[in-house]
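Next come two complexes built around subunit A: one with subunit B, the other with subunit C.
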Partner chain A sequence: MKELEKLFNRIVQRVNINLRELHFDVSPYAETLFPSEQMSKFYAFYGITPDHPLDLHFEHSALAGSYFLGKCRVRNSLLYKSDIRGDELKRKDQNIRFDRFSLTMNRDELIDIEDSALVKTLVHNYSHDPETPEKFYIKDTLAMDYSNIHGSPCDGSFLGPFATVDLTTMRDCAIGTYSYIQAGEISHMDIAPGTIWVNSSGNFNFFYKYPSDALDEYVSLSPEKVPWGILIDFIEQRKVEFQRVFDYANIESIESVPKTSSLDRYAVVLPNMRIEGNVLVSQRAYLENSSLGKGSNAQENCFIINSSLAGYNVTAHGAKIVEADMGSGAFVGFNSFLFGKKHARLRVGKGCIIMPHTIIDIEEPLEVPAEHFVWGLIRNAAELAENSISLEKLGTLRGAFSQGRMHFEGDGLLLFKAFKDRISHILDVNGAFFDNGQKAGHAQKNQRLSLNTIQPFQFGDMEGMYPNIRIFP
Partner chain B sequence: MKNYLVKNLMVPISEYATVTVGTTFLDALQVLERAQDAYTVNKYRHRAILVLDLAGNVVGKISQLRALKALQPESDMAKEVDEIRRFRFSENYLAVLRDKCRSRAEIIKKETLLEAAGKKVEEFMQAPTPGEFVSEESSLDIAIHRLVSGAHISLLVTRDDRIVGVLRISDVFAALFQEMMAAVA
Partner chain C sequence: MKELEKLFNRIVQRVNINLRELHFDVSPYAETLFPSEQMSKFYAFYGITPDHPLDLHFEHSALAGSYFLGKCRVRNSLLYKSDIRGDELKRKDQNIRFDRFSLTMNRDELIDIEDSALVKTLVHNYSHDPETPEKFYIKDTLAMDYSNIHGSPCDGSFLGPFATVDLTTMRDCAIGTYSYIQAGEISHMDIAPGTIWVNSSGNFNFFYKYPSDALDEYVSLSPEKVPWGILIDFIEQRKVEFQRVFDYANIESIESVPKTSSLDRYAVVLPNMRIEGNVLVSQRAYLENSSLGKGSNAQENCFIINSSLAGYNVTAHGAKIVEADMGSGAFVGFNSFLFGKKHARLRVGKGCIIMPHTIIDIEEPLEVPAEHFVWGLIRNAAELAENSISLEKLGTLRGAFSQGRMHFEGDGLLLFKAFKDRISHILDVNGAFFDNGQKAGHAQKNQRLSLNTIQPFQFGDMEGMYPNIRIFP
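On to the complex of A and B.
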């Protein structure tokens, strides 16, 4: 048995041991997860920049097609086409606050991945666990295609395809396909597919669950089959465009991008694109025939096709916008799928908040009024009415409230403010407000980023594995 | 003080309402009615039915609460309420949802009652739990502790490996009253 296979089997067993109390067995999903023949074909790459500390440490791991930035250690792990973005990690001497506690960092924070397998997974932000402020750990965890581990230390867990865990410490949990969890801390939970849960203890609690039959059409998973559905097909149909940007070491730059904007060389850009100032386009984003207004961003695994973004729009990790016009400041959360059609264009009013993991798939034109909060599955005007609320009304909610399949309890104003503050923070760190040399963010700093590649063993028992490497300034 | 033992207070199983597995809910209720009519030892009426297997062993119990639960039609919303219990909603909110759920599903209507009447007892009986047994030679003290700690309304009384009776909370309470009156006399 080759080293790659041994390593993978070991990771699967470690994840299963952690999930034994849930009677959750990842083995059936794992068998088809890693294309072992591909693991030696793709190089890994990392960014070098004066703006982020550099310390990369790879040990007994496979890293095919994965990207690294900042401080990161990967041991006994398998990564396939994953993005490990350490550009928002905490720094030495930085002071952090948590409730009534204040803590000064005694060293730079590190992303520490151990005994884990990540497939097309995004790891970003910083550890929000005050008990491990200097280590953003991912341990004994299996994450499937297009999952997001965002500011969420994980131990002994499974994330299904398109699952997101956000600002949440997670132990021994199984997060179902297309579920989004933001709940501070969770343990020993088996969360069904299509669960959207945003909980801030003592402040608010938001819960929505997709009807399972309808969700299955978009993305589904069973032990017998790899993930399939409209979302998977959508990405597969555009896969060929990414081959060009990954096949060449140096790719021609696009002249029309303003100096204050950043277009990652691993993004796909097809005609005819218009990009204004202070725009950030991350690696693995796919842009086609669209315009990105000032201060907008398209994060990893985003698709923006035949659409317009008026300005200051956040398109969070994995979000897809097709045949849509987004008003100024409209936010689209993680892995959302806004699927307008040529004959049925989607218009989203200014200031709208499209919750993470929202699906809007329409066959008739649809308009989301300005300043609305939107969630769940929407295929027509009736479903929009059921799965949205004006921000004004949301701000007045106190106590318990349910609408359609959504349950809410707490203070609506705090939920509203939590999202608005976070959107403002995302725009700020991405450099949307850069002006006259002030308020630089990723859009400006990424212009001082260069890339290096590293290669795996091509032959023998170690084929697909990478040599142990330590990279630091 | 009379120093009651469990065997002094229990209802012998021969006088209790019993049915075998496979009995329908309606037939079980009729058995309970007949057992109550026949029981004249004291004023407290039977409130549960014991379910026996074909060999005569007690394999379950149907309390009045359990019977009422069996009457409630299953609905997607009821399942949803059960599911969201894990997601940090308050008990007050869950209670509101359960009420909403009940208001959507009428119990006292012909279709619901007919459906419930045909259910087999094993579909909704409660299997005995380890803390639900007490020896017939046990004291009133032990019986009270078991009832309270397990929040039971009756205990199954054993002799060796066999269940020989039922100790009802109403009979224990009556005995407690007698003992208290004797103590203050």
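On to the complex of A and C.
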């Protein structure tokens, strides 16, 4: 048996051992995960910048098409077209506060991936677990297509396609397809597909679950089949454009971009883009015939097509905006799918918060009023009314509150503030507020980023595996 | 001062300290060596194959455009477009014989480059020094454009442009422009430009020195100037073709090549090439409108243009064959320049040995008769008569013999045999005799070679330097 296959089988066994109490067997899903003939085809790459510590360590792993930035160690793992973006890891001597605790980092934080398989997964941010501040670990974990592991140490877990764990430590959990979990610390949970759960113990608890039949049209997962649905088709149809950017060692600059903005070399930029200042366009973003207003960002795996972003807009990892006009400061969370049509344009008012994993798929024009909080599945005005609330009203909620399939408990003002603070933080670290040499963020710093490649064995038993590689300054 | 400059200055000082007894100052030559803006432009690359041990270690070095194969360590060094080809290094448990001594290797041999600067230099073969069988070292050494360090451990030495040290351990020596030295062990020697010296202590001693004025037309070196002359111009005129092969991450296959032959991905192959079986075409070879007969090879930095090679021809590192017809088994040594013209074709008979560093530059057709031994500068039939001897006659020489500027002493048969044995060995290791799965050499094994890249820092004080990188299986 080839080394790649052995390694994969071993990872599947390890995840299954961890998930045994849930009686969850990842094998049938894992089967279709790695096109083994692709594993030797794609190079992996890493960023070098004067702004982030460099320490990469790859050991007995396959890394096809994956990207690394910052301090990362990958051992006995399979990463396929995954982005391991350690540009927000904590630094040595940095003082960290968690609630009433304060801690000084005695070394730079490291992303440590071991015995895991990640497919088209985004790993970003830093360990929000105060118990392991120096290590953002992902072990014995299998993450499927377009999942996000964001600031979330994971141990022995499974993430279905388009699943997101955000600022959450997770042990022995299975996160269903298109579920979004932000819940501090969870263990031994089997989360059903289409669950949107934002929980801050003692403060607030937000819960929504997609109707299964409706969600299935967008993304479905069955044993022994690759994931399918509208979301998958949407991405597949645009795959060929990514091919081009990865095929060339040196690609010509495509569009004029202001000096305060940065356009990643592995982003797809199709004609008629207007990009203003302080804009960050990340790896594998896809931009076409749109305008990105000042201080906007287009994060990894996002798509922005035939749309306008007024300014200071966050388009989070994996979010898709099509035929839409986004008001100033409007935020679109992870993996959301805003799917206007030529004949049915979507307008999102200023200051709106589109929750992660929201689907807006309309056949008639629709307008989300300014300063609204929006979630779940919205296909018309009635569903918008059911799945949104003004931020003003959200701020007044205390105790239990239900609306449609959404249930809320706690202090609405705290939820509102948590989102607003976070959006402002995201804009800040991305360099949206850069002014006169002050407040530089990723948008400015990434201009000093260069991308280097590493490649796998092409022959023999080790085909598709990478040599052991250690890179440091 | 930037790190690259500091490193370069330090190497120059180290070489000068070593060469102090010769009163040789490399600084004025070194000045023009490294176009510092190029050092960050070019990636370096390394070969991965199932046939050669992999262990690469790069530390505090700049490697722009260089190539590595086999076990290599590079520390505190500057390598510019150099080929460090460790595919003939000795292996663990291999039994080595030197004269009456026999030794078993207790580990794989390593090419170890330290505190050295190599420009467009070829490092190949293995340490022929029985005193350091496990380490082919190059330290405190500065080697200029198109020099060859072939099986020759070097310490504290300078090699001028197109200089070759072959199977020779060298300490504190300066080797002049276009000189070829094969002399076992030398130290504290200042070798004048255009010296061809093949010495086997107690067996034979061959010596030729180019007329200085004539050599200057082909390649000249002066303090504070880049080398110039016909040889340099010849290469510069063809530079643009190499640009193309290095610009693309994946280059399409250019010509049909038999399954038993291999064409390196970084060779230039222009139209109208015919390549037969068991042929090896190496890195940076340049082929145009020529035929390579069965079992021929075109080694690093060689050029074969408008020529035919009948079969089993060696075109050694840096040799150039233009408008020539090479008979079966004809050998062309390092850096030789066979420069026929359209109106003045060169024919070289079968079995001829063209010594390393031979220049044949004719304006009228010329034929080298079969089975002849040829050296030095030849521009017409009279100079051919002066600078050649039949192999039959060579075999009968005993004691002292002079012809033109060539002086010989010793046993001609031993010199003849040394060359014949070596040519047969070169053909063998290159896979010329591959038959039915037996006697595979580089030509066959290189089909299982893949090339990976590494890249330098692009910004800041470390610009042009490479991160520390360690790569092993």
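As a convention for this text, the second predicted complex is superposed on the first by the 470 of 473 C-alpha atoms of A that agree within 3 Å, B and C clash if a C-alpha of one lies under 4 Å from a C-alpha of the other, contacts with A are read in each partner's own complex, and residues count from 1 in each chain.
The working rule: contacts are C-beta pairs under 8 Å (C-beta built on N, C-alpha and C of every residue); 3 or more make two chains touch, one makes a residue touch a chain.
All of these numbers come straight from a predicted model, not from anything done at the bench.
A.B. asks: Just subunit B (first), just subunit C (second), both, or neither: which does A:N205 touch?
C.D. replies: first
A.B. asks: Is A:A432 contacted by the first partner subunit B, the second partner subunit C, both or neither?
C.D. replies: After superposition on chain A, A:A432 lies in contact with neither partner.
A.B. asks: See if subunit A has more residues touched by subunit B or by subunit C, and give me that chain.
C.D. replies: Counting contacted residues of subunit A, the larger count belongs to C.
A.B. asks: Looking at the overlay, does A:S450 come into contact with subunit B only (first), subunit C only (second), both, or neither?
C.D. replies: It touches subunit C, and subunit B stays clear.
A.B. asks: Between subunit B and subunit C, whom does A:L54 touch in the aligned arrangement: first, second, both, or neither?
C.D. replies: A:L54 contacts subunit C only, not subunit B.
A.B. asks: Scan A:M462 for contacts with subunit B and subunit C and give back first, second, both or neither.
C.D. replies: A:M462 contacts subunit C only, not subunit B.
A.B. asks: Just to be sure I read the superposition right, which of the two partners does A:V15 touch: subunit B = first, subunit C = second, or both, or neither?
C.D. replies: Touch partners of A:V15: none, neither subunit B nor subunit C.
A.B. asks: Which residues form the common part of the subunit A surface touched by subunit B and by subunit C?
C.D. replies: none
A.B. asks: Along subunit A, where are the residues that touch subunit B in the complex?
C.D. replies: Residues of subunit A touching subunit B: 183, 189, 192, 197, 199, 201, 205, 207, 209, 400, 402, 405, 407, 409.
A.B. asks: Can you list the subunit C residues touching subunit A in their complex?
C.D. replies: 43, 48-50, 54, 247-250, 448, 450-455, 457-460, 462, 467-473
A.B. asks: Under the definition above, what is the set of subunit B residues touching subunit A in their complex?
C.D. replies: Subunit B residues touching subunit A: 80, 83-84, 86-90, 92-93, 96-97.
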